[in-house]
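After this come two complexes, each holding chain A, first together with chain B and then together with chain C.
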Partner chain A sequence: MAKVKLEHIKKIYPNGFEAVKDFSLDIEDEEFVIFVGPSGCGKTTTLRMIAGLEQLSEGELWIDEKRMNDVEPRDRDIAMVFQSYALYPHMSVYDNMAFALKLKHIDKKIIEEAVMHAADILNLKELLKRKPSQLSGGQRQRVAMGRAIVRNPKVFLMDEPLSNLDAKLRVQMRSEIYKLHQRLKATIIYVTHDQTEAMTLGTRIVVMDKGEIMQQDTPMNLYHRPQNCFVAGFIGSPQMNFIETLCMIDENQVYLMHQGQSFEVSSYLKEKLIKGNYHEKEVILGIRPEDLKIQAVSQNSIQGKIIIKELLGYETSVRMAFYEKEITAMVSSEEVIHMDHELKLYLDMNHVHLFDAQTKQAIAHAVDADLDVKGRNN
Partner chain B sequence: MIQNKIKNGFIIAGLILLSVLYCYPIVLILINSFKIETAISTSTAFQLPTLETFAGFANYVQAIIANCFLTSLFYSLIITLTSVAAILLFTSMCAWFITRVASKWNKLLYYLFAFSMVVPFQMVMFTLSSTADALNLNNPFNIWIIYLGFGAGLAVFMFCGFMRSIPLEIEEASMMDGCTPLQTFFQIVFPILKPTMVSVGILEAMWIWNDYLLPTLVLDIKVYKTIPMLIQYFRGSYGRVEMGAMMASIILSILPIVLVYLIGQKHIIKGVTAGAVKG
Partner chain C sequence: MEKALKKYTWVFIGPTLLAFIIGFILPFLQGLYLSMSQFTTVKNATFVGFSNFIRAIEDAEFLNSFQFTIAFAIAAVLLINVIAFIFALLLTRKLKGTNIFRTIFFMPNLIGGIVLGYIWQILINGVLALVSEPLLALNANAGYWGLILLTCWQQIGYMMIIYIAGLSNISEDILEAAMIDGAKGMQILWKVKIPMLMSSFTVCIFLTLTNAFKLYDQNLALTAGDPNKFTEMLALNITNTFYSRAGAQWKGIGQAKAVLFCILVVVIAMTQLRATRRKEVQS
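After this line comes the complex of A and B, so read on.
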């Protein structure tokens, strides 16, 4: 297994379109790194550049201290699992898995051992004689994984490998991939637009937008400490609610005003806003749907008419109109909710996030208050 | 329901009529190939051989032995096999390059190939025959280069159509697995192209096997005679025609190509329609 280092990588197409802009990333040995972002954000292009299927326009790519910019894909010792699986249709499952080793003229017995070992891990032993066209989607996906495992490469690249599977199979295969990483201790770079996959699989997630890294961090930190509005909105489902407010600082009292309604922030956030000199500046208040509660509290609450409710089983997603905005909340499905009725939601100010309205960068996260106190005591 | 049955009845009747029309010349030749020379005439063409007129395999023996049919068969086979092999190999590689390397020159190349299909042979045949003489292409062992030129248009057109339906990711996967471009072509792309290979191969083989004009213009007729040239040779001079041997030769010449067609016919439809619809 190996370390991968991307230094100021850019991809500019002949028509001038910049698909990847100044991308730098250090991937440690045995890490499971996820590239996540909306369609067209450059995540697959970056992966293809690591694979050698796309030329780098600028920057340097290192695998295990070896510069890979001009190295052919076949010499990079990387295996890739494609979105469409890309199995060789004229070969049996066995031949598909053995193909890379046969090309290296490895002894037949060793090839057989490697294929049988991979087939054992992936439960493919009974399918070895079949052609890809005789397999189901999930089986094909496993063969594609097997083809990669057999090679025992330095790095595994996976380009949305679960996106062609149905929802149930996707969940099943997701845990298979997780177990595989635990077992192989491999360096894996995984591309997806599905944030659930990203959150459950990755040891580190790289959130991308328009060819740039918006934030790279652990799944927990991305969720609790998004560095900007994009990450805050992208990670979490349903997405975070944003309320544009005006910050008013008056003799150590800080209020966030929206349409005449004020929200009182915690002392930790208050301190950050005063320090950042946000008086009379616009601040975006972000709150996740799960941090909005149905409680009879008049302070820090918002009221609006319910426009959509979706029963999800354990919880109900409620969307209500709040002035010109729509606010989403996740409430217990036991709550009695009627369409077109008024609903009052309390904002849990210990879980809000504040963003600078101009730069869209995070000012502070209420959850950091505890850390701050601990830090001071230490 | 009844309307559908009537409609199907008409279609079947039409198809039977068409197949009779197509089969009738072959049946006519087959019947007459078993008649003695004097019994073959326009008025008795459709009569089955009688005890007096039945020639057995005499016409076939004459065609094979007296008229050097086997030599012509050898030349026809050599020309057809080398030409078809060259067309399949070079045009599939060419189509791979055209479809996988996006450039305006390749687009132009593709249109040039497509255009070559509509250029009539008669337009180039005289310059071609003198060029063939100059380049020593006027023998059965080198004529494949000329056939490659004339057959490339249709072949490239068909291969390009199919190639576009092969996901690029399969080739990328082979590159990641350690293939060189040539290995990718021969170990991955070439086997996937099999249905189109068969259909292009059969179409080109039928044309080359039956071609009369090009070998007549290019080859030295006194030394090399392909089967269509041999059949024409039966007409002899002063209007004398060896009808029995000629009929037998035609039947013998049809057999190999019918056999090839029957073996590969299921691939023809697959190959021609490949890439037309998403699989």
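After this line comes the complex of A and C, so read on.
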């Protein structure tokens, strides 16, 4: 397995469109890195540049200390799993998996051992004689994985490998891929637009938008400490609620005002806002749907009419009108909720996030208060 | 819905079936009968059994045209398909101007066989005169290669379009997967592209093979079988037997040759279809 280093990589197409802008990333050995972002954000283009299927317009790519910019895909010692699986339809499952090794003129016995080993890992032994057209979507996906495993490459590249599967199979295959990483201890770069896949599989997630890295961090940090509004909105489902407020600092009192309603922030956030000199500046207050509670508290609460409720089983997603905005909350499904009725929700201020309305960058996260206290005590 | 459709089955099938019976089955059966008859018109046929077939097989001109047709078909099928496939590979390379070339290569197919035959007769005779060689009417070798050249010129564009359609159907992902798996250009061609194009090969070889055996207009216009019927192909030989020979017996013999010709084309075409279809893949 190997380290992958991307230095100031750019992809500019002949028509001038910049698909990837100054992308730098160090991927450690055995890491499971996920590129996630909306369609057209440049994640697949970046992966294809690593594979050698796209030329780099600028920057340098290194795999295990070897510069790969001008190296052919076949000489990069990588394996790729495609969204469409890209199996050779005229070959049996066995031949599909053995193809790369046969091209290298490796001894037949060694090829057979490698194929049988991969087939064993992926439960493909009974399907080896079949053609891809005789397989289900899940089986084809496993064959595509098997084809990659057989080669024992330095890096596995996976381009949305689960997107063509139905929801149930996707969950099953997700855990299969997770187990595979644990077993192979491989360096994997995985592209997806599905944040659940990103959160459950990745040891590190790179969130991309419009060809740029918005944040790269662990799944927990992305969720609890988003660096900007884009990441805050992209990670988490339903997505984070944003309330535009005006920050008012009066001596040591700090209020966030929205339509005449004020929210009182914790002392940690208060300190950050005073330090940042946010008096009379616009601040975006972000709160996740699960941090809005139905509680009879008048302070730091919002009220509005319920416009949509969706029973999800354990929880109910409630959307309510709050002035010109829609606010989503996740509440227990045991709560009795009536459409068109007024609902009062309490904002758990220990879990709010503050963003600069101008730069959209994070000012502070309420969850960091504990860390801050610990840090000071230490 | 299905029941209602069943009720009107014969309304839908009837007209086509009737046309097929009147236009194909009845003439075919009558042709079979006439091949075993002596006749001058279809109404005065006298049954003579298999003697027409025996005389057809014993006819030296027929055997010569059979050999010539086989030799022509082998060269034409090979050349047309190889060149058409190479053109298709070149014109699917995402280069500028490929659409113009596709159109240019396809255009000869729009010209009728007789016209093509006369055009190439003038061209080939012009070249032969330049190099002081006997003209087509006296040069069997030039006639053979002239026919192949003409057929290639006419059919390569058409077959090329079928190969282009097949090549465009191969998913880019599969070719990229092969590249990552370590395959080089020629390995991708032989191990991925060609096996995946078997359905295109089936169609193109079938068309070129049957076209080669049935070739008539071009043969008539370019060489008319000259010199001394050396370049006479099967279809032209059958027509000449039927219409150009004196004596009542020749119509029956011509008809017998036509039946033999039909059986030959069907057997060869079906054998080829079976052989190549087995190698086709489902995606």
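Observations on the structure shown:
Criterion: the second predicted complex is superposed on the first by the 378 of 378 C-alpha atoms of A that agree within 3 Å, B and C clash if a C-alpha of one lies under 4 Å from a C-alpha of the other, contacts with A are read in each partner's own complex, and residues count from 1 in each chain.
As a convention for this text, a contact is a pair of C-beta atoms (placed from the backbone, for glycine too) under 8 Å apart; a residue touches a chain by one contact, two chains touch by 3 or more.
These numbers were taken from a predicted model, which means no experiment stands behind them.
Taken together through their common chain A, the two structures put chain B and chain C in a clash. Judged by the touch definition given at the top, the superposed model places A:Tyr88 against both chain B and chain C. In the superposition on chain A, no contact is made by A:Asn252 with either chain B or chain C. In the superposed model, A:Lys131 makes contact with chain C only, not with chain B. In the superposition on chain A, A:Ile78 makes contact with both chain B and chain C. By the document's definition of touching, neither partner reaches A:Ser39: not chain B, not chain C. In the superposition on chain A, the residues of chain A contacted by chain B and by chain C overlap at 51-53, 72-74, 78-80, 82-84, 86-90, 99-100, 103-104, 147, 151. Contact residues on chain A toward chain C in their complex (touch as defined above): 51-53, 72-74, 78-80, 82-84, 86-90, 99-100, 103-104, 131-133, 147, 151. The part of chain A that touches chain B in the complex is made up of residues 51-53, 72-74, 78-80, 82-84, 86-90, 99-100, 103-104, 147, 151. Across the complex, chain C meets chain A through its residues 171, 173-174, 176-184, 187, 191-192, 195-196, 198, 281-283.
Residues 167, 169-170, 172-180, 183, 188, 191-192, 194 of chain B are the ones that touch chain A when the two sit in their complex.
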